[in-house]
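Heads up, the thing below is written out as structure tokens.
Going by the order they are written in, the chains are A, B, C and D; count residues from 1 in each one.
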Amino acid sequence: MVARAAREIAPGMVVNLGIGLPTRVVNHLPADFPFCLHTENGLSGIGATLPPERADRNLIDAGGAYVSTIPGSAFFDSAVSFALVRSGRIDLTMLGAFEVSETGDLANWKIPGKFSPGAGGGIELAQKARRVVVLTTHTDRDGNPKLLSECTLPLTASGCVSRIFTDLAVIDVTPSGFALRELAAGVSAGDVRHATGAALEIPSGEIPVF
Amino acid sequence: MILPDKSVAIAEAVSRIGDGATVMVGGFGVPGTPFTLIREIVRQGPKNLTLIKNDANERDLGIDHLLASGQVRRLVTTHIGLNPRAIELMNGGRLEVEFCAQGILAERIRSGGSGLHGFLTDVGVDTELARGKTTFDLDGKTVLLETALRADVAIVHAVRADVFGNLQYVATARNFNPLVAMAADCVIAEAEELVPLGGIAPDAVHTPGPFVDCVVELQELSREYDVVRR
Amino acid sequence: MILPDKSVAIAEAVSRIGDGATVMVGGFGVPGTPFTLIREIVRQGPKNLTLIKNDANERDLGIDHLLASGQVRRLVTTHIGLNPRAIELMNGGRLEVEFCAQGILAERIRSGGSGLHGFLTDVGVDTELARGKTTFDLDGKTVLLETALRADVAIVHAVRADVFGNLQYVATARNFNPLVAMAADCVIAEAEELVPLGGIAPDAVHTPGPFVDCVVELQELSREYDVVRR
Amino acid sequence: MVARAAREIAPGMVVNLGIGLPTRVVNHLPADFPFCLHTENGLSGIGATLPPERADRNLIDAGGAYVSTIPGSAFFDSAVSFALVRSGRIDLTMLGAFEVSETGDLANWKIPGKFSPGAGGGIELAQKARRVVVLTTHTDRDGNPKLLSECTLPLTASGCVSRIFTDLAVIDVTPSGFALRELAAGVSAGDVRHATGAALEIPSGEIPVF
């Protein structure tokens, strides 16, 4: 799933990867792949993640991981960082999700009464990146679907998600709802439909496997 | 002409923070947090503070000391998920928390620091962060009014300062520091290194001296800067 | 990963400017004006341009060439007092001119470059620059809505660029350049020196590369930069 | 008059000097006087004005004069420059004037039908500097008063001027109008009243001479 998501990144893109699964996407790209990773705490051109013994105390990503620079990196303040986000200079962001609706609404920052740490930079990334894709398990820990006809949790942004990568499938958000595009190895279209809490368009013919 | 010298002792600088003051604090996680100035605020003990800061640091780090000492009434922030104490105080009603989207907090501070009254944006318009905000119709699109933020005092951490208050930050320790350094009636900078006038190239200044009121040279670097081994 | 290379030939970069385009131009007086890119716009000849620039340069310098060639329909600016041709075209009704207060023009450009819709300010509220602007009552104070500006193309002059588009400016040649470099769908930088990736320290970048689309290395410095002997 | 105006600058101030007469004020201050000169095109800490043969092509003030830096100077962009102005970091500005009213209104940028080059940075300086003083000849070239009960020209800012330095006098703008404070050598209070187009409060007792 992470390896499949990595193919979403085209040469030349500026990409912001959300905390968690998305940050692992870079491990699946060739070392000479030409693109730029942005982190909202003020760096374009993120290099390798570093272990504590090699870390620079002043150089982290927005998730608090110690990172490094590459030739051509730039540091900037938080206002400039979000100027990049809001003015459309982030070509792609990959985010985690609690819920995604069939119209592309995203909920990933708050569970009322349980989890309300604040939205951080997620709202602007979800609303303003040119393309938003989600990386998530298809269901939550209790087996409940995360892909729903409507979100039940407070939204991060409405109608923002274009594509969802899960452990079961690649699914697009289309004007007519969720559409199955690819299947994980060993998973059937029926499995995906069963784990999805909304209508799922399944193409006729063979479905590619990732 | 020569530029004035603004270097002062830490106790004198921090004495500008009175009970009830609004204090902006630089930093995003550990980098750029003015740990030593925060410790001095704990020592001097002003009460009923409103803090404006990206995050609440982690337990036993940075502004968590001010939460632990009960000096903070209200916090304007973007994310407090790494500080269980802040979450507990908020949930218990002992800390008022206002959440902003991160870039919107940055921009509200910059707006105040730029002598503006606020700005219009569609960020968060479909979310609960829009609640209670004034909306406008701008060419058929709904936008929110986000008001400018200013503070009585801002505290920042610089890697280098000259005595006039020109500041440089390093790596991702820049973050909110140049913004809060614009937006307060009194701006206090702690610096890892204090250099004479001319010690920073004019093209390489991140915060121009006219924004800064007090410069405090750090005698030693707080242990709170140490790399965290999780 | 490696950062993409955005260096292109000047003709290709400037071909992005079509008839009717809105073009933002860096510079304040001579310093920072992208003289070579302007000459290429004259050579390629797109018509009915709207220019957004602090000033109209002086006669036979900078954007005055575009006024002389009749390529400019409209100019958004702060001061054209040093260019008699601009004044004459304006007074003759052959050039539409919108005047802004200087810091307000800077801020409107930055607002567009920051993905915002506009901002509220009391600057100019008692002057004729307030005419026709939407006003709001904010806590009993009258403020004006200043709308964000964006352009199809922005052209800037940098002293140094790397191939990814990280830019550095020098001295007072910085002025409007970092602002217009945020606020256009296509940002073209001419650079006195083009360096490989890594040639600019990450803390010393003035315009981060993700804002920039095309980098053009100058083969020679325009004579228009020469020190003026009045 | 310029020498007298120079005494308006207190140690530690950040000062912006308008084009023309005001820029000459610095020549009347000691070399070690601690203050900071700001220019709106992006420099704090202006040094000496330079002749063309020693000029840096990239280093001018807002009036186009070639200037220099001093130890501790900083360059910044135009947005930051006016952030300083609007947020109250300019302690004092000295401006020229076409007209000043007895309520402190200033007109110095436009003469309809004759002179309309645009306001440049003057509006924000006049409205936002903590203290605004004017340096001007007391009357225009035709002998008409520039100090008036009301301005006739388009305003730069209303109620902004605190003090006026002219070739004849130092005059304060008070809640009750113009008040004579000091006289130029050889000038009488009557001369000043005669050249002023509004009521002028003249103190009893001796008036200091500058």
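In this section, a residue touches a chain if its C-beta (ideal position, glycine included) is under 8 Å from a C-beta of that chain, and two chains touch if they have at least 3 such contacts.
In this text, all values refer to a predicted model and were calculated from it rather than measured experimentally.
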Third chains touching both subunit D and subunit C: B
Centroid spacing, where centroids are CA-atom means, of subunit A and subunit D in whole angstrom: 56
Whole-Å separation of chain centres (CA-atom averages), subunit A against subunit C: 35
Computed distance of Cα centres, subunit C from subunit B, in Å: 32
Multi-chain contact residues (two or more partners), subunit D: 43, 75-76, 79, 82-83, 85-86, 128
Residue list for subunit C, restricted to those that touch at least two other chains: 107, 110, 114-116, 121-122, 169-171, 174, 202-203
Which chain pairs touch, all of them: A-B, A-C, B-C, B-D, C-D
Residues of subunit D touching subunit B in the complex: 11-12, 14, 26, 29, 31-38, 43-45, 47, 69-76, 79-80, 82-90, 128
Interfacial residue positions of subunit B with respect to subunit C in the complex: 107, 111, 114-122, 138, 141, 143, 145, 168-171, 174, 202-204
Contacting residues of subunit C [partner subunit A, same complex]: 1-5, 110, 112-116, 162-164, 166, 182-183, 196-198, 200, 202-203, 205, 208-211
Residue ranges of subunit A touching subunit B (in the complex, touch as defined): 39-43, 52, 55-62, 64, 66, 75-79, 81-83, 85-86, 110, 116-121, 123-124, 127-128, 154-158
Subunit B residues touching subunit A - in the complex, by the definition given at the top: 28-32, 54, 77-82, 87, 97, 99, 101-104, 106-107, 109-110, 121-124, 126-129, 159, 169-179, 206, 225-230
